[in-house]
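Structures for review follow.
Two complexes are shown next, each including chain A; its partner changes from chain B in the first to chain C in the second.
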Partner chain A sequence: MDAVAHAPAVEHGPSLRQRLEARGFDAVTLLVIPAAIFSLLLFVYPFAFGFILSFEPKAGGDWLANYRRFFSDPFLYETIAKTLWLAIPVTLVNLLLAVPIAFRVRLMRRQRLLTTLLVLPITLGTVLVAEGLLNYLGPQGWFNRTLLTFGLISQPLKLVHNYWGVFASLVITGFPFTFLLTLSYVTGIDPALEQAAATLGASAWQRFRHIYLPLLMPGLAITFCLSFVQAFSVFPSAVLLGEPAGPTRVISIAAAQAAFEEYDYSMGSAIAMIMGFVQLGIVVAVLASRGLFYRGPASGAKG
Partner chain B sequence: MIRDTTIGAKLWAAAVWATVGFFVLNLLAMIATVVTSSFATRWLGTWLPAGWTTRWYTSAWNEFQLWDVLIVTFQVIGAVVFISGALGVTAAYALARRDFPGKRLLVLLFLLPLLIPPMTFGIPLATVLYQTGLAGTFWGVVAANLVPTVPFVILVMVPFIEQIDPKVEAAARVFGANTFKLFIYVLLPLLLPGILAALLLVLVRTIAMFELTFLVAGPTSQTLVVALYYAVFAAGVRAVQSIDAMAVIYMVTTLIWLIIALRFVNPTQIVTRAKQQPAH
Partner chain C sequence: MTIALSQFDEVRLDRVSRDFGALNALRDVSLTIRRGEFIALLGPSGCGKSTTLNCIAGLLPVTGGAIWLDKNRVDTLRPEERGFGMVFQNYALFPHLNVRQNIGFGLKMRGRPKAEIDRKVDEALSLVRLQGQENKLPGQLSGGQQQRVAIARAIVIEPPLVLMDEPLSNLDAKLRLEMRAEIRRIHNELGATTIYVTHDQDEALSLADRIVVLRDGVVRQVGAPKELYEAPAHFDVADFMGFRNKLRGKVVAVEGDRTILDVEGARISGVARERVSVGSTAYAAIRSDDLEVGEAGPNAIAATVDTIEYRGREFVGTAHSAGGLDFVFRSHVSVEPGSRIHLRTEDERILVFAEPVQGRQ
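Moving on to the complex of A and B:
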C-alpha cells in the first residue's frame, strides 16, 4: 500500500512525501493526530494552565504568595503529613498482603472466581465502599456485633468517622488493585527458575529470597508507586468515612475546598501542584532505588 | 510443581488462605449490609431488621429523581464510550503500525493520565472547564471523563492491533480494496473483539468514575455515583434505608455491566492497564 506515490519522482530524487514516509510519517500516522490534540487540550494544557495560575494569587501579592500561604498555614501544610500517614501504611499493608497471596494464587488453576470477587470493590468504586462501610463498621454494624458476640471486645470499636474508617476503605479498594498487579508480575516469572532452585535443594524461603524477590523487585516498585499514588489522592472516603476537618483532612480535600468552596482557583491549583509534586517525589525516589536491585530477564532462557 | 510438605509450609498456606477468606467475607458482608438495609423497615440494635419492605425504593426513586439521574448517566457513558472508541482506536492503529520520531513521547503523553490520579489533574482541568463555561454542562462532564478513557482505549488496543498481521491488509489492497472497503470488510471484523473489550472496560470504569465527574458536574449533569455521594454526604436529611436503596440501584447498574464485561475480558484487565508499557 506504500507503492502508490512512486513513479514520477525518479529523476528529482525522493519527494517530500516519500522522505516523510521513509521516516514513518504517512496517512496512517496522521490518524494519531485527533487523540494527540485531544490529550494536549484536555490534559497538557490544563496542567500548564494550572501551573501558571498557581503563581498568580487571587488576593494579589507576589508570585509565590500561594505557596508561602500553604507552607505557613498549619491547617494547610499539615495535610501533606496527614495524607502520607494514611497513604504509606495503607500501601505497605496492601503490598505485604498481596505478595504472599499472589504466590499462593499463582498455583491455582481456577483463579477466575477469586479475581472476579476482588474486582468487585474496584468496579463498585470508592463512594459505594464508603457507604457500605458506614453501615458495616458502624457501632451497630455486623462487624462490631460479631466481635461482641465472640467476646473479643466489650465495647463497640469506633471504626467510622476517624482514621481507621478511611484506612479500611483504602484497603478494600486498594488491596485488589495491588494484588492483581502483583499477580500479573508474579505469573510473569518463569517457574523453571524456581524448579531449578528446588532441585538444587533450596528451601521455600530461600527460593523466595534469592530467586523470586530479586526478579520481582522492579514490578513491586511499580506496583508500590501506582498503589501509593491512588491512596495519596484519596477523596470521597476521607470525606464520608473520616473526619474531614480533623485527622483525615487529606490534601485533596484542601485542594477541592480552596478551588470549589472558596472559589480561589489559583490556590486550588497551587495545592493540586503540590499534591502532584509530592506524588512525583515519592515515585521518583522509589523508582530510583529500583536501580539498586537486579535488572535482567525474568525467563529461564537456555545458554 | 514443587510440593512443600513441612508443617511450617502448611501452616503458612493456611494463614494465607485465612487472610483471603477474611477479606472476601468482609467484602461480601459489607455489600450484604447495604442490600439488607435497603429492604429494612426498622433496623436498630439487632442482627436483622424488624421487618421487610420495598417502599424505600419508590421513595429513593422519587426523592433523588433517579430517573433523570439515570438518563444523564447513560447519556454521559454513551458519549464517552463512543468518542473514546473513535479517538482511541484510530490513534492505536497509527501507533501499532508505524514507527516515527517522537512516538515514545506520544506514548508517554497517553500513559500519564492513567498513572496520575484523577484528583491531581482534575482540579486544574475543572478550573479550565469553568473558565470556558463548559463545566456544569453535559459536554463538560463528557470531556473530563474522556481524559483517562481515551488513553485507556489506546493502551488496550495497541497490542491487540499489533498481533493482526499487516499482510492481511496488504492483500486486500492488492485485490483493489480502497481505504473505506479495507476498513469495513477487513479491519473492522478483525478488530471488533478488541474494540468490544476495550469499550466495555471503559463503560465499567466510567460508571464508577467519581472524582472527575464530581469536580465538573452541575446540578443537571450529575451521574449516579455523584448523586450517591451527595446523598451520603447529606446523610441525616433522609432515611438511611433510602440512601441504601439508591446505593443498591447503583450497584445493580454497575454489576450488570460488569457481568457482561466479564464474558469478554479477563477480570485482571480491569486493573493491569499499565502492564503493556512499563512506567518510567
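Moving on to the complex of A and C:
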C-alpha cells in the first residue's frame, strides 16, 4: 500500500505567474519598458511641461492670457488658416497622385527600382529639396530660362518665395511617404477580387469604384492623417521657399518667433498646444469617418 | 426557374497556346465543348489546367490560337466583355459586401433595374439554399456557405459558360463530398455548360460528362469518365486514374491485344494500350483495387508485406518485391508485415504501356 504514491493535495490555485499570464501579462510584456521610458521622457514630459508652461504667461496676467492674446491678434490666429491652407491641399494632392501610381506600380515586375526612385526624395531632406527648388524654379533658374528661351513667357514666373514654392516642396518631400503607405494598402488587397469583379462584368472604373475604393478607404484615411501631420508641421520650407512674413507664415513660425525671438517660452508653448489641438481635431475627424466604411480584412475570405 | 442561361451551341478552343517567357504553359490545346456539357480539366499541378481556365475567362491573354463561342471570337475580348461566370479557388467574395450584394454585383454592374436584381438574387439564393443568410458578410459564413455564395454569384448573371477553378479544394473532406453533390444538382437544374478544373480524379469522375486530362500543357486524353477509367490511353493517364502499381518488365510475346511481360522472372500478361514490340521495355499497370493476395501461378508475383491498414470493409497494404518494385494491394484478410505473399490479378485487369519517352514529347 505504501508503494502507491500520494498525489499532492491541490490546495493552491494556479501560481501568481500563471494568473498574470492568463491576463496577457507575461515576461514578454516587460519588453515594452524601454519604449515606455523613451516615450515618457521624449513625449509625455515635454508635452506636460509645455502644457503647464502655456498657462503661466511671461508678462503676468491670468492663466489664459496667452490663449486670449493668440485669438485676438490676427497676425497670430491667421496662422492656423494659413497652415491648413497649405497642409490640406498638399496632402490631398499627394494622395491623389499616390493612388494611381500605386495601382500602376502594383502590376510592375521591376517594382523595386521604381519604388527606390520615388522614395529618393525622402532621403534628401527638406533643406536640400528647398535648395534644389530655389535653383530650378527661381527667377534665374533653368525652368524660367527655358521658358524664356522658347519665348513662352516674356518675364520670369514667380514660383518661389511664395505659396507655390512651399507647396511644391511639401509635395516633393511628402509624396514618397504617402506613396509607400498607399502602395502597402493597395497591394494588401487580394487581386482575385478584381478578377472576380471583371468576370462579373465590371469595367476598370467600376472595379475601382466598387471594389478597390471601399476596401482602401480606411487605409487612405490613415495615410491622410499621417501625411497631414507631416505637412502641418512644415517649418524649413515655409521659411526657405515661402514668404514667412506673408501667406506662408505658418503656425510653427509663429511658435518659433514667440519662443526664440521674443524669448516668451510660455507664449511659444501656448501656440504649440494650439497647433497640437488643431492637428488632433482633423485627425480625429478623419479617423472617425473610417467608421462609415468596411474595415475587415481585404482578402477574399478565410480561404 | 427563370435563371435562363444564354444559349449557344459550342465553345471551341482552337490550338490555344500560352507562354510565360520561355515556358510553354499550354501548347496547341484544341477542345470543343458542347452546350450543357460538364467538362473536367484534370491533371497534376503545373499541367496547365488553371492556365486554360484563366485563358478562357480572359484573365490571362492567350499567346497563340483562338477561342470561339459559336461564330464569335472571344479571346480578343476583355474579361468583362465575355460574360462568363467564374468560381475562384479562394471564392474571391467581396469582403465589404453582404451576401445579397455579392450575388447581385454582376447584375448591378450591368445596370439592371433593382426589382429584377432582387428577384434574380432571391432565386439564386434559393437555388444554392442560402435563404436567411443574405445580410451576412462573407467573413461571417462557413467555408461551404462561402462556396455557395461564389456559385450563386457566378450563375446569377446567366453566363453561357461557368468556369470553376478547384472550387472544393479549400473544404474539408466531408463538406467536399456534400458540395460535390450540390454542384452536380445545380448543374442538373440549370444545365449550365461548365468547365471544372481539378486535380482530384474522384471529383472529375463523379461530376463530369467528359474529362480532359492535361499534362505539361498538352491534352493527353479526352473522354467520358468510364472510358478514361477503364481504358486510359497513356501511361501517365493511367497513373492519374488510380493505376498505382507499375510493373516494369520486358516484352516476351505479343499475341494480338494480349502482351506477355517478364517482370522479375514472373510472367504477367495483360492488354496492350499502346504498341509494344517483343524485346522492348514496357509497363504493366494494375489498380490497387485489383491486386489481391493469392496463390503462386500465372500473373502472380512474389512480394514482402511492408504495411497493412484496416479500412473497414477490407485491408489495404503495401509490399515490395525482391527486385525493388513497390505494390499497393487490397486484401480481405490481414497479413503480417514482413510475411511473404503472392500478389495476383486477372489478365483483363492489367494494362500494358510502352515505356514513356523521357521529358516533354
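Note that in this section the second predicted complex is superposed on the first by the 262 of 303 C-alpha atoms of A that agree within 3 Å, B and C clash if a C-alpha of one lies under 4 Å from a C-alpha of the other, contacts with A are read in each partner's own complex, and residues count from 1 in each chain.
One rule holds for everything that comes next: a residue touches a chain if its C-beta (ideal position, glycine included) is under 8 Å from a C-beta of that chain, and two chains touch if they have at least 3 such contacts.
Just so it is clear, the model here is predicted, and its values are computed rather than measured.
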item	value
Superposition on chain A - do chain B and chain C clash or fit	fit
Touching partner for A:74 - first (chain B), second (chain C), both, neither	neither
Partner chain in contact with A:195 - chain B first, chain C second, else both or neither	both
First (chain B), second (chain C), both or neither touched by A:206	second
Touching partner for A:232 - first (chain B), second (chain C), both, neither	first
Partner chain in contact with A:215 - chain B first, chain C second, else both or neither	second
Chain C versus chain B, contacts on chain A by residue	B
Touched partner set for A:151, first chain B, second chain C, both or neither	neither
Included angle at chain A between vectors to chain C and chain B, based on C-alpha centres and rounded to the nearest 10 degrees	90
Gap in Å between nearest CA atoms once chain C and chain B share a frame through chain A	5
Residues of chain A contacting chain B in one complex and chain C in the other	195, 198
In the complex with chain A, residue positions of chain C that touch it	57-59, 78-80, 82-86, 88, 90-96, 105-106, 109-110, 137-139, 141, 143, 146, 153-154, 157, 163, 170
Residues of chain A touching chain C in the complex	190, 192-193, 195-203, 206, 210-211, 214-215, 293-294, 296-303
Residues of chain A that touch chain B when the two form their complex	1, 23-26, 28-32, 34-36, 38-40, 42-47, 49-51, 53, 97, 100-101, 103-104, 107, 112, 114-136, 140-143, 145, 172, 175-177, 180-181, 183-184, 194-195, 198, 204, 222, 225-226, 229-230, 232-233, 235-236, 239-240, 252, 255-256, 259-260, 265, 268-269, 271-272, 275-276, 279, 287
Interface residues, chain B side, partner chain A - complex	1-2, 4, 9, 12-13, 16-17, 19-20, 23-24, 26-31, 33-34, 37, 44-45, 47, 87-88, 90-91, 93-95, 97-101, 103, 106, 109-110, 112-113, 115-121, 123-128, 130-131, 143-144, 146-147, 150-151, 154, 169-170, 173, 204, 207-211, 214-215, 225, 228-229, 232-233, 235, 240, 243-244, 247, 250-251, 254-255, 258, 262, 266-268, 270-272, 274-275, 278-280
